[in-house]
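Multiple structures are listed underneath, in structure tokens.
Both complexes shown next keep subunit A, but they swap its partner, so subunit B is in the first and subunit C is in the second.
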Partner chain A sequence: MFDRLVNLDRRILYAIIFVLIAFPLISPIGLPISVSSMVVAAYEVVDSLEEGDVVAWSFDYTVGGGPDCHPHSEAVWQHFFDKGIRVVAVSFVPEGAQFSRELVMLWEEQGKVYGEDMIDVGFIAGFETGIGEFVGNPTGASPTCVRGTRVADHPIMEGIDDVDDFALVGAIATGAPGPFEWVRQLAGYRVPYLPGVVTVMGPQTIPYYESGQAVGLLMGLRDAASYEVLMERPGMATAAMDSQSFAHLFIILLVVLGNIIYFTQQRREADNQ
Partner chain B sequence: MSTDPGIWVAGILTLLAYSFLYKDNKLYQATEHLYVGLGAGYTLVLGYENVVRSGWNPIIEGEWWFILPMLLGLMLFGRFSPGTRWMSYYPMGVIVAIGATLALRGAIPANITGQLSATMIPLNTVNNVLLVLGTLATLTFFFFTLGAITNRNSLLFKFSLLGRWTLMVAFGAAFGNAVMGRTSLLIARIQFILQDWLGIIGTGL
Partner chain C sequence: MKTTEAPMFIGTVMGIILILEYFLNIPILGTIGSNLRQWGIIVAAFALMLAAINLIRIHLMTLSESKDTEERIFSLILLAGLFSIAISGVFMTQESPIFRFLFDNMVQPLGATIFSSLIFFIVSASFRAFRARNLDSTLLLVAGVLIMLGKAPVGEVIWDQFPAIAVWIEDYPNLAGNRGILIGTGVGTVALGLRILTGLDRSHLGGQI
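Showing the complex of A and B:
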């Protein structure tokens, strides 16, 4: 039997994974979602902000990592606007500007006023150099917003001279620039920093939360779902969690099975010798 | 089912991209090239917009000093010809100097003192003890110059083995996260096909 499993066509495994993911999406089961302390901390920081506060939100993710990262922005922006917090969107990754544009337009349709409740500064070139410029001079790092108006002329930017004038800086990243660059550039400033990362980057980013350099941490789709749970507003991230659990269970099964087969074959070869 | 042509194009391209899982084929290759081309085109347009927005427009509005970075940017193109390559060295020097200065300014508090102080914690919980022991053991694993570390019977060598196990646990966590991340990407595409394209599932729970 083990030999048959070893030689199993991998396309069968792909098909099983597809079914395991698609089935709970079509027919949700509602498995419980645990919430990590890092997500709770992120939620509490946002929840402690006051109406009218201005936060900076950086979309430093690519299209490839978007499905893992964009739900962070969607969930936290929902929380921001529920509380009347104003948002300055910016991006230090070219593709990130597409996501910020999309989210700003979505909230405009919901009645938020561009320039007062939110603005989109757009893409600022230079990666870490760009972040350094924005941190020191948010209104001057890019002279105009994506709609051609001077950034400094928007009412939302009134009183914003450096990054410490923001109530919070959130930055969601799929790579560089990411938490490493942001923590370096925010050194010496007092503004709370909330990173969100693609799941793969999670273990590298946790030390910044443990050291207090980040006030919370969101890792991948799972934490977006946790954030939705805390807000009591289940969305697409929450809906995806059953699929994620099913896929993980199957992968764990494969890893265990693979190890059993490996050790069994090793023993068999040793016996034959 | 969606009536938006954009959704249909995205849905079909998603299926073509996944057709690679069955076997490599021309349609998959065409999709791959299309993706690379779109990415390059998008970045080019955004770069152009960025130069106009952050460089050209301020010059027209009288902020003439923006000519300097624009000039430095143009000098970068000098590297495409051997005769003018020298021109690109100056803007490159500026970029490296500014980049290095900015990175170094925050590197020590961000990555050294900040992390060191985070390890100086009271050993009153299991987590704290594990964190301190794991950090010290991992650092010990990377001592290559001490004689004691090469002696397999020494306490230092045994302690470095704990460091190796700590590293293995960290790699395991990283692999687990990688699997979770890739699964999330697949879920998002299947969600797109079933919800946005085919309309089989509704929005949210």
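Showing the complex of A and C:
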């Protein structure tokens, strides 16, 4: 038994984890989801905005991190439009512009008007340089939106001269440019900054929340699910939480089992000597 | 070394202008700074195009010169993907059904699959490599397990204090460590910036550090 465990075929582990992730997605269990103070802070900042306010939302994530980050945008945009807040979408990562396009088209189908309720500035090259130009000159960093109209000509951009004219800046990132670049470029401006990051970037982003440079923080799929819980609108993120729970439990089980095997082997070797 | 003098001089002047613009509220500096950043955006866009051209060049060479059939097939697939995305995106706009089909049904699922397949390596590594061999690895292992239990909803079902423990680990040991790293990185960035502006570091121009 012990030797069989030591030499366990990794494909068996792969099959088990596949089933453990797939099963709760097909048939959700509905484990309770607690909400962290950082997500509550993010929710409250968005909830305190007033109808007609204009916010900037940056899609700085790649397709790889999309499943972990895009639910942030989906949940917060739902909150924005529930409250009648208008959104300027932008991206400083090439693939990010495709996620913004997807959300803009989705909300257009729901009756929101392009140019009045939202616009999509699209991808701006240059990473931090692009962010620097956008915060100082939101209508000039990219002269036209993705549909070819001058950004400054859209009604939503009326009165927007720099980033302080937005009620909030949200930026979801999987790497660079991310919170580090945004915090550097927003220094000197008063606009509240709400970052969202892929889970693995969470720990290194927390200092910005604790220092007050970020008004909230969304870390990975878990916090998107928490945001959905706060809105009382369960979505895909909430549905995926059961899968994450099972995967975490299985990994912990394997760590414990692997260490039992390791220490048993150590003891056996010591006894043999 | 002479060839690096002019780029270094231009870089130093531009850098000083942007630093002054950042700290001083002088309209003319703001205008110059904005123009410089727009140049930066344009140069970065060209750099992306240059990267695409380089990729095409390398894979065209592979197609014409390689004797490895498998390698040639992979290059052909890459070029087909690159051209179909580029042509549909540039000439039919990014909202065209063809571009959306390619992105939503190929690029996005492929990217997500590559990222998600990490779970299989994590599972294998957690069983075979994550060992409490010494104090450091034991601390890492215990912290990792507690964070996983604190972050996953099932942890709270097992014991309602797991989320509080995870928050404590994030807010104290993690915060302290990451603040140190951030401050160190900030000081290092300032030092490197000064070295580049003063010409002491020319490695970005191909010179000696």
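To be clear about the criterion, the second predicted complex is superposed on the first by the 273 of 273 C-alpha atoms of A that agree within 3 Å, B and C clash if a C-alpha of one lies under 4 Å from a C-alpha of the other, contacts with A are read in each partner's own complex, and residues count from 1 in each chain.
Keep in mind that, in the parts below, contacts are C-beta pairs under 8 Å (C-beta built on N, C-alpha and C of every residue); 3 or more make two chains touch, one makes a residue touch a chain.
Here the structure is a predicted model, which means the values were calculated and not measured.
Once the two complexes are overlaid on the shared chain, A:Gly212 sits against subunit B while remaining clear of subunit C. When the two complexes are overlaid on their common chain A, residue A:Val200 makes contact with subunit B while staying clear of subunit C. Of the two partner chains, neither subunit B nor subunit C is touched by A:Ser48.
By the document's definition of touching, of the two partners only subunit C reaches A:Leu257; subunit B does not. Using the contact criterion defined above for the overlaid structures, shared-chain residue A:Arg101 touches subunit C, although it does not reach subunit B.
Shared-chain residue A:Gln110: touches no atom of subunit B or subunit C. By the touch criterion stated above, A:Ala239 is placed in contact with subunit B alone, subunit C being left untouched. In the superposition on chain A, A:Leu25 makes contact with subunit B only, while subunit C stays out of contact range. In the superposed model, A:Gln265 makes contact with neither subunit B nor subunit C. Counting contacts as defined above, subunit A residues 14, 17, 21, 63-67, 94-95, 97-98, 122, 124-125, 129, 132, 188, 202-204, 207, 210, 222, 244, 247-248, 251 meet subunit B in one complex and subunit C in the other. For subunit A in complex with subunit C, the touching residues are 8, 10, 13-14, 17, 21, 31-34, 36-37, 62-67, 94-95, 97-98, 101-102, 105, 122, 124-127, 129-130, 132-133, 136-137, 140-141, 146-147, 188, 202-204, 206-207, 210, 222, 241-242, 244-252, 254-255, 257-259, 262. Within the complex, the subunit A residues that touch subunit B are 11, 14, 17-18, 21-22, 25-26, 28, 30, 63-68, 94-95, 97-98, 122-125, 128-129, 132, 142-144, 148, 180-181, 183-188, 198-204, 207-208, 210-213, 219-222, 234-236, 238-240, 243-244, 247-248, 251. Contact residues of subunit B toward subunit A in the complex are 21-22, 39, 42-43, 46-47, 50, 53-54, 57-58, 63, 95, 98-99, 102-103, 105-107, 109-111, 114-115, 117-118, 131, 170, 173-174, 177-181, 183-191, 194-195, 200-201, 203-205.
Across the interface of their complex, subunit A is touched by residues 22, 30, 33-34, 37-38, 40-45, 47-48, 93-95, 100, 103-104, 107-108, 110-112, 114-116, 119-120, 122-124, 126-132, 141, 144-145, 148-149, 151-157, 163, 167, 170-171, 174-175, 178-179, 181-182 of subunit C.
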